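The structure appears right after this line, and notes come after that.
Going by the order they are written in, the chains are A, B, C and D; count residues from 1 in each one.
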Amino acid sequence: MEHTLRLVISCPDRVGIVARVSQYVAEQGGWLTEANYHADAESNWFFMRNEIRAASLTHGVDAFCEGFKEIAGSYDMEWQLVDSNIKRKVVILASHASHCIADILHRWHSGELDCDIPCVISNHENLRSMVEWHGIPFEYVPVTPETKVEAQLKIMRLTLAAQADCVVLARYMQIIPPEFCQAFPGRMINIHHSFLPSFIGANPYQKAFDRGVKLIGATSHYVTETLDEGPIIEQDVIRVNHRHSKDDMVRLGKDVEKAVLARALRNHLEDRVLVHGNKTVVFD
Amino acid sequence: MEHTLRLVISCPDRVGIVARVSQYVAEQGGWLTEANYHADAESNWFFMRNEIRAASLTHGVDAFCEGFKEIAGSYDMEWQLVDSNIKRKVVILASHASHCIADILHRWHSGELDCDIPCVISNHENLRSMVEWHGIPFEYVPVTPETKVEAQLKIMRLTLAAQADCVVLARYMQIIPPEFCQAFPGRMINIHHSFLPSFIGANPYQKAFDRGVKLIGATSHYVTETLDEGPIIEQDVIRVNHRHSKDDMVRLGKDVEKAVLARALRNHLEDRVLVHGNKTVVFD
Amino acid sequence: MEHTLRLVISCPDRVGIVARVSQYVAEQGGWLTEANYHADAESNWFFMRNEIRAASLTHGVDAFCEGFKEIAGSYDMEWQLVDSNIKRKVVILASHASHCIADILHRWHSGELDCDIPCVISNHENLRSMVEWHGIPFEYVPVTPETKVEAQLKIMRLTLAAQADCVVLARYMQIIPPEFCQAFPGRMINIHHSFLPSFIGANPYQKAFDRGVKLIGATSHYVTETLDEGPIIEQDVIRVNHRHSKDDMVRLGKDVEKAVLARALRNHLEDRVLVHGNKTVVFD
Amino acid sequence: MEHTLRLVISCPDRVGIVARVSQYVAEQGGWLTEANYHADAESNWFFMRNEIRAASLTHGVDAFCEGFKEIAGSYDMEWQLVDSNIKRKVVILASHASHCIADILHRWHSGELDCDIPCVISNHENLRSMVEWHGIPFEYVPVTPETKVEAQLKIMRLTLAAQADCVVLARYMQIIPPEFCQAFPGRMINIHHSFLPSFIGANPYQKAFDRGVKLIGATSHYVTETLDEGPIIEQDVIRVNHRHSKDDMVRLGKDVEKAVLARALRNHLEDRVLVHGNKTVVFD
């Protein structure tokens, strides 16, 4: 992959932002390989993502940042300049189900997901061998009603010790304590096995089966303190009919879950997802 | 279209139903052009739809029915034999929006929907000319807070006077009184402009926009006394993203609404939809 | 709809184009409601579409254009500034089939397609009443083997007399002579009833049926002199299976055709489609 | 999974087949868990698949088969009775690409594909570790221009030695010699990385990119002696646009390829795919 810098910006909308930013990028010799803008009319907010060839910056990255601070200040920007050569650390939390994690690990192994995976943490042992085959440490943290709080603390400590930039809940079926959510705002990604906001909470396939829906879905979203209500990153659906039992729905749903989670994670890792309020802008 | 008879059956499941029915059909000389079966494991219920060439019945339709009664009795069947030559009477209720009704009328006009449309009833005048161009009487029944009950009664009387077999709510935005629902069980079809059970009730596109979903949908269902909770016949979705305003969603959603309603209505008219509890079997 | 100006540009790619253009827009007081950019790595070509609030330009449109000429010149730009208040004239050519034209006319009638339709030209009389109900002149130009050339000339003359900006072939089943194609480069839109490049030419549904494909599709493209080989604007598909006869495919395909053509036409009318070589950039 | 017997039949269509077969099944005490029928009007051919609870047969499987022979004879049936407890042996041929085989192996490992995999054969070594981790023998058969014929013979011998019921070409990029195709009629499954019949042969993503299509696809089909022209089992597509490079198409296409191949293989293993001429009936 080419070495690029991603300049990601959000700020109140007003005339001339694109001009000011792109003029600065040009002054610095920056060659744009991709540029995306979005002005949200409702909230009057502006979003921007520029991908710049690292080698094209005449004075280097530090000088670029130094100079950009002034622009950022005068436009009240939230911004970051991400170096594509610095890999994010993604800690994965899993439970018993293997489909999402197997899919992520294979994509990572074949170079499709540009990140490091310092460890996988699970409350079951069954995935150990698969994870370790990929050369990734596997941390087993059993969760019982008695040890729940302790286990949660341990998982959080392991995640922080791994210096995680991002946490992926790959069908991790346990509740995440608020302080853990707060430690990873817009950086903890869940896959929920329904087309949210339908079928929030437990057993969504059973609920979908009982309601007799003709499509089932999956939703990847950032985790917030309110269960299944965080900003949605990606969703998809698959057609079902009266011949499908609840077990068929579970099976068919797996394919949607893993595809949706993979797309969400890849877009997150490429800094294509900007959170604003409880919604996302996804520059894919 | 070929002249056929549709033998539609539902009953408690047990061994030998297919054998008994198809043996009888064969004895009567019946040539099956299509046959569908479904055994619902959960409720232990059996569903069957046979399409038989009318001309192939050696002793005619009446003899067929007479003889079938015995079988039906011994298996506790709900059943009907529908003659494809007898067109259903479909009364359409509409409001101001034109997309669903324009789509239905064009399909009907070009021979894609096999039914009669004795009248269209609306609480707005704006669709009169379009409806009348198709040679269909247009009944204007204004609804105001003061005249609401009266208007509802008038609409129901007009529908009954038209000897409707089926009522279609083509984005008719008024509440249907319980007695009207009860008069058309499994024969009143609504199109709701969301992917149910998400966004029940009013303003689903606004709710979808506010939630930041990545797909919007539409649902066609039989009307029951509980708003937007009847048996689902058909659903579909379309992809949206951060660039779409609520008005864009309304516009894009129209295409999904009209396609979903048309598919539901066509399947209903061909006796492909069997209701069981709050779910449907759709032999499409 | 808001009054906007669409600045549409394509030129060889180099550093600083976005900066130069957006700086100029900002200098002129231009408030961007939407901005899209694409750099094609393969051909090293740059594409840009800016939508600007007309009222925001401090010195008006003429001054804007005058000043922009210099920039355009120094970057070798092909460009245009389109006023959203000036409606394009769209001449529609149709044959016997009604689904595409009925769909376009309804969208136009309900305000979804922002254009004028000076006339519909057809080699059949059957659509006259529908077209005239919409208040649009209907020109009947029969085509027989003997009168073919003459008829083609007449159709071309009628189109030019109507001062068409754009020609839509709404399932017009006749060959378009080269000089007619050449008169409307990138402005004549066809809908082909297959997923191109599969099933070029006549009877695509029969060919799809014979090949046993599991999806059928439709393709909207700009017409060039080579049949069914022009730049593709939009495509979509629908699932079929062994139960579908060729006639079912024709029926199901209609819904795809009309949706695909409507999306292509809308994007064309909003200047969202940029042609480069035999491909399109679609800023939707 | 429940122990069932699958009675799969195809024969010339005539009145009374369903009656005769289902009467016989009922006489034998057979409890149908699923039944599918299709009469192809074009070829006047009849297709049937009955899934019967093994335990329900009063006189056992052998007696069932013995008695059925007579019916089969009198209706000119091709038929088989497949025992769901006897696992098919599936030999997988792979090349360098890992996505399809990783997906199949994970589905197999998690119990979603009901078969044995006696070995994976590849002309590259890179997948050995992944395959062996699953406990499956990996056979490396390098193919060079000089050793091509020898290598093909070796692969065929290995496949026959493994007593393969079915061969899966999981992005195996080598030509299959005619005698190998002939040895597995309707039992050798390929995944082609385009929406056939578009882009037959090599480099379909490059061709799709060059043509500027707006959807890319994948096709799973039975292998015949004519390249990419065998009966299609399953197809699917994914949307692309001008922002996608050829490499993006390759990446996105992988997800379609593996999903399409998995669905085709699963349906094949459950005896849901019936070949007739160059088309398939898929009772899914």
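By definition in this document, a contact is a pair of C-beta atoms (placed from the backbone, for glycine too) under 8 Å apart; a residue touches a chain by one contact, two chains touch by 3 or more.
Computed from a predicted model, the values in this text were never measured in an experiment.
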| item | value |
| --- | --- |
| A-B against B-C, pair bridged by the larger set of C-beta contacts | A-B |
| Intercentroid distance (Cα basis), chain B paired with chain A, Å | 41 |
| Chain B and chain C, separation of their C-alpha mean positions in angstrom | 36 |
| Contacts with 2+ other chains: residues of chain B | 34, 41, 243 |
| Touch-based graph of the chains, sorted into line, ring, star, complete or other | complete |
| Touching residues (chain side chain D, partner chain B) in the complex | 15-16, 18-20, 22-23, 25-27, 29-37, 39, 41, 56 |
| Complex contacts: residues of chain A adjacent to chain B | 38, 40-42, 47, 195-199, 211-215, 217, 231-237, 241-243, 245, 278-282 |
| Residue ranges of chain C touching chain B (in the complex, touch as defined) | 34, 98-99, 102-103, 106, 109-110, 112, 129-130, 133, 243, 251, 255, 259, 262 |
